[in-house]
Amino acid sequence: MAYLVPLFPLIGFLLNGVFRNSLSKGLVGIIGCGAVLASFVVSVILFLDVRAGGALAVQPLYPFIHVANFKIDFVFQVDQLSSLFLLIITGIGFLIHLYSTSYMHDETNDHFARYFSYLNLFVFSMLLLVLGANYVIMFIGWEGVGLCSYLLIGYWFKNTDYNKAANKAFIMNRIGDAGFLLGIFWLLSKLGTANYTDVFANVSNLTPTDITGITLLLFIGAMGKSAQIPLYTWLPDAMAGPTPVSALIHAATMVTAGIYMVARSNALYSLSPIAENLVAVIGIATALFAATIAIKQNDIKKVLAYSTVSQLGYMFLGLGVGAYTGSVFHVMTHAFFKALLFLGAGSVIHALHHEQDMRNMGGLKKYMPVTHWTFLIACIAIAGIPPFSGFFSKDEILAAAYAKNPVYWVLGVIGAGMTAFYMFRLYATTFLGQFRGTEEQKHHLHESPAAITIPLIILALLAFGGGFFNVPAIFGGGQQLHHYLSPVLTAEHEHEIAHSTELMLMGVSVGVALLAAIIALTKYARKPELNEPEGLGKVLANKWYIDELYDNVIVNPLLALGGFFKNVIEKSGIDGFVNGVGGFIQYSSRRLRLVQNGKVGTYILLMIFSILILWLAFWYQATITGFFQKIF
Amino acid sequence: MPIQYYIILAAALFCIGVTGVLIRRNAIIIFMCVELMLNSVNLLLVAFSKMHYAISSANNKGTAAITTGTDAQLFVFFIMVVAAAEVSVGLAIIVMMYRNVHSTDVNFLNRLKN
Amino acid sequence: MNAIIFSAGWGIIMMFCSFLVKNQSSYRHIAAVGLLVLLAANIFDTYGVDFFHIDSGKMLAYTRFGFVFNSIAIASTLIYVLLTGRDIERLGRYTAEFFTLVFFVLCGVCLLSAYNNLLMLFLGIEILTIPLYILTGSDKRNLKSNEAALKYFLMGSFSTGLMLMGIALMYGGTGTFLLESSRLQSNLYHGISFLEIVGLLFLLASMCFKVSAAPFHFWTPDVYDGAPSVVTSFMATIVKVAGFIAFLKLCTVRMSVTSTAIDWKLIFSIIIILTLLFGNITAIFQQSVKRMLAYSSISQAGFMLFALFSMNEYASKGLLMYSVAYCLATIGLFAVLVKMKDVTFEGYNGLAKTQPVLAATNAIFLFSLAGIPLTAGFLAKYYMLASIIKTGTYTWVVVAGVLFAAISVYYYFRVIQAMYFKNGEPQMESFGRSFKLGLVVLAAIIIIVGAFPQALFNWLYF
Amino acid sequence: MNSFVYLLDTVVTGNSADYVPIGIQIIFAAGFVATVMIATHLLGPKRKTAEKLENFASGIESHGNARQPLAIKYFLVAILFVLFDVEVIFFYPYAVNFKSLGWYGFIEVLLFVCFFLTGFIYIIKKGALKWED
């Protein structure tokens, strides 16, 4: 049954892709949304099955690569982890599809269909990634996701900048993928299998060096896909795509792939302290770094993008400190509120006719009530204010971080404060105060249609209530998610902190977040930041000049090296050699064909001589071969 | 007579044939030299036929199967027939060429080269 | 036996048709029907239904390999007749005789695929070549055709002389004409007499001549160039490949027996390298596509020689594959070539614009000859190279083979370049839609065989 | 016996020294060819006169050009004669074994003759033997 889940989006992709010129927009929307809805339904059934303790299903579909003893099958694995991800992907994915039918309605027919076929392919790839029962299948999905992100970011392909952004996303991802692939190869060469069950059962056959190497290489892949330092710069640029695509990338698919992969490989990571520490350090560094950048961004989508990077950092922090459940939980809640944020932002952008600069917004509260309220809920959720969902998940990670190393916790709380600050800055600048756009825009301001608001409302409910799936023991919760996932996340660290300490920690983090939120609200509701920033602000607004740094340190030297090879080595060296060979052959051709002089007598004479020579060669072949063997 | 006489005679005839092919330019004479080569082979085959009969009877105390060596003689017949067929075709080609260019010199027509 | 008798019989029927049937254009239909009958008869024979039980006294030995090859040869001839039948009619008044001779040649092919006796080898080769002398000169008023026929005839009969000398010496050494187990029959001769070896070398030289392997290839370019294109098409494909089948049998059965004491590999490697060298290098500078194809046939022969070098299972399979790939591609190329009024490279300029189907199929044929993957030619070359690698020695021959294959791309792609990237108005004879269809089918076969080679090989076993 | 099959006794042992006699023979063969060619060149007097190019017909002066155009039908008949004449060869082995082959052999020979006849019919039908134009 599991195969149905990716099958529906695949069919949707094929239908919309092949018949994009003949289908009407309505039909395209129905096919696109219907496919994802169908797989959502199947996912729910699967989830209930697994939850009811149904047989853990490893479902072989067909033999994929069979070379001698080396076997890789096309296998799907439905267990607690993958079924949960299936729900997130298909559920959120469906809402985004639904939202897109309205958001993309201005596109022409065939482009509309193209958009939906890409979208379905995206969901398909992500499902493949999650469902695969071995690293190779995961890699197929992994690559598919990368491809689709490229296609969708460059969806408006007439804009050169957008194409550049698409390229950037693809290349950055490829760098990570190379690491991922090497990790898989390493694994295959050591264990001969890539199946999760076999790998985790045979971990003991690996040396510590192997495990560290493999996990680090796999983590490089995760860095690319999940936008961690140093491979994060593609994600903010990925805003070039349509807003629902951003929502899809940030919430349901793509960036969570890295988290999924590390969580899936928890049995490996927990055996390598080096890898765990690196994951945690990279995670917290990214969380802080991205948060600082987000504070000074003026593009509504850029703020959200950096907030995603930052939140992903939290997730990796969780993974690094062994709070796997917490990370997965945060993936889930983050999916809710980040999808909500993006869709809300999309709604705003839609209403303002593709205006993305916050400085030209403001006061939208009264024009777009539904968007406003849902957006506010999302902001509270992401800021980690109880009892909204973000609080529970983020706190679980922070508690685990404290248990591991208090420094992580301190940094995490600072990051949480910044999160609250920039989110409420965003909220205040956008929805409070006075409208600062043109009269024209003001005239057209309106609440978005139902296809947009309904997903917003659903997501708002989830963003508010999503936390209750895993209420910590301290609040008398049952930790349902924790128990549900425990068969898969065997390496979960059970952190031992006293309840009082935990309460204190929560209090501090919530206090910091609330403080930051209030400062931001008061500061920006009345006097939004309209001028160009100065000093440190300018550095932050320019994203610490990281793009420029990469350009100068990596891209430009590479280009120069390429130019050197192209102009010097190839022109004079290789071309000269190749042309020389060609010239020599042509010359010998001209000479050799003179042998063919058209005279029967010559031919027969040559034949007779060759017979004699062949005879001699035959009779003295022992001497001849011996001679050659002596030379060579 | 010892077999090597025959072998040397056949080899000499064969060499004469080859030499003729090499040094003559008249197509008909070249062809005659080829026929000489074939006939040297015929001679050789017949000689070998007798030789094998002799060897066989010597090995079997004077009684060899009557058919021993006859296959070579039959082979000679086939060579003669095939040679006749070749003659008819070859002469026809030479006549055709003669009718077109009034020469039987093999080097006269030399358009196909390089 | 079916194929031999049917081909000879249908040849006689065609002969009589020449005065019984007046309508010129019906000859090729009769020939096509005859080839179909022949194919059916051979397939019957393949599965054990022999219409004539004739005791050949060990002179002929039928193998599945030989039957499959017969089928390939007959089917290729059928394709050849269907594609170029009209052009054969344009050749002169003797269309029926032309087909008669084609059938006789096929009779020789069938003999060569089954011979077990040097007499049969000799007869097969002669039945094969004598009609070809006539066909080469069939354009009677054309001086090039005359010259080609004369050269072919003189050198061919000379090589026949060599072959007969070889056979006679081998007979002297062993006392039998049988191909296999010759020495086992008579325990008189222990070891290998030098007469047999000298004979084998003579035979080797003449077989090399027949398959146009260097340094006995000199006749090939001149004869292929001078003969009428329709004849060249037949001569360069089916006939040459049949020569290889006979050669392979000679090598695997006779030489491998002697090779317990003697290694033929050095001689073969010399021949292979020379063949590849002459074929490829000389082809580069040609101005005429027809002559280029003649040289390319030499270089292809160089690759087919790999099978004789390695003499293992890969080799026989590969040779079968090669015969399919090479025959079909060359027949296709010549089918287009005979329609061209100008057979130089310039004549092909701009063909892709005026005749896209012809250009595309031509490109596929050239790809196959050059050994580009996904075509039958690639797999054929692959099998050939693999067969040598299997033997484990002389890997440098493989390296040379790959290098020369790379060189061959140059002159094959010159045609493609002319067709697609140059401007011109190619002058062509008229042709119908069925001709285009035939070419497309041919190209499809090449690609299908290239993608699913097992379809061909399974035939060897079932 | 040994004396006349000594050539057969050379057993190959893979040692190239065994082939020395062959090499000598080859060199002899090539040398023979070369000697003959060179000798004829050197020995023959070189007089380039018109008479030398004339046909030699037992001292009788030739009349006209021997290469006069000849009606092709003479040639045709001669060739056909050669072809059919030579095929008669196959009757010799049959004649030798006439009795032992019996009726079966007779039928086979009859078949052989029939093939002949088809060829003959073909020739007649094609008008190859038609003397008058």
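Order of writing sets the labels: A, B, C and D. Residues in every chain begin at 1.
Basically, a residue touches a chain if its C-beta (ideal position, glycine included) is under 8 Å from a C-beta of that chain, and two chains touch if they have at least 3 such contacts.
These are the chains along with the protein names UniProt gives them: A = NADH dehydrogenase subunit L; B = NADH-quinone oxidoreductase subunit K; C = NADH-quinone oxidoreductase subunit N; D = NADH-quinone oxidoreductase subunit A.
Because the structure is a prediction, the values reported are computed rather than measured.
*Asks:* Need the graph distance between chain B and chain C over the touch network, please.
*Replies:* Minimal hop count between chain B and chain C: 1.
*Asks:* Which chains does chain C share as contact partners with chain D?
*Replies:* Common neighbours, chain C/chain D: A, B.
*Asks:* Could you tell me which pair, A-C or B-D, is linked by more C-beta pairs in contact?
*Replies:* Output for the comparison: A-C.
*Asks:* If you average the CA atoms of chain B and of chain D, how many Å lie between those two points?
*Replies:* Computed value for the inter-centroid distance: 6 Å.
*Asks:* Would you mind pulling out the distance in Å between where the CA atoms of chain A (NADH dehydrogenase subunit L) average out and where those of chain C do?
*Replies:* Each chain reduced to its C-alpha mean, chain A (NADH dehydrogenase subunit L) and chain C end up 58 Å apart.
*Asks:* Determine the centre-to-centre distance between chain A (NADH dehydrogenase subunit L) and chain D, using the mean Cα coordinates as centres, and give it in whole Å.
*Replies:* 86
*Asks:* Indicate the whole-number Å distance between the mean C-alpha point of chain A (NADH dehydrogenase subunit L) and the mean C-alpha point of chain B.
*Replies:* Going by mean C-alpha positions, chain A (NADH dehydrogenase subunit L) sits 83 Å from chain B.
*Asks:* Where in chain C do residues touch two or more other chains at once?
*Replies:* Residues 150-151, 154, 158, 172, 197-198, 221-222 of chain C touch two or more partner chains.
*Asks:* Pull out every residue in chain B that's touching 2 or more other chains.
*Replies:* Residues 7, 18, 21-23, 30, 51, 55, 74, 85, 92, 106, 110-113 of chain B touch two or more partner chains.
*Asks:* Which chain D residues reach two or more other chains?
*Replies:* 7, 14, 19, 22
*Asks:* In their complex, what parts of chain C are in touch with chain D?
*Replies:* By the definition above, chain C touches chain D via 12, 15-16, 18-19, 172-173, 189-195, 197-198, 261-262.
*Asks:* Please name which positions on chain A (NADH dehydrogenase subunit L) make contact with chain C in the complex.
*Replies:* Spelled out, the residues of chain A (NADH dehydrogenase subunit L) in touch with chain C are 582, 585-586, 588-590, 592-593, 595-596, 598, 600, 602-604, 606-607, 610-611, 614-615, 617-618, 621, 624-625.
*Asks:* If you look only at chain B, which of its residues touch chain D in the complex?
*Replies:* On the chain B side, the touching residues are 2-4, 7, 11-12, 15, 18-19, 22-23, 51, 54-55, 58, 74, 77, 80-81, 84-85, 87-88, 91-92, 95.
*Asks:* Which chain B residues qualify as touching chain A (NADH dehydrogenase subunit L) in the complex?
*Replies:* Result: residues 18, 21-23, 25, 30, 106-107, 110-114 of chain B touch chain A (NADH dehydrogenase subunit L).
*Asks:* Could you please specify the touching residues of chain D with respect to chain C in the complex?
*Replies:* By the definition above, chain D touches chain C via 7-14, 19, 22, 115, 118, 121-122, 125-126.
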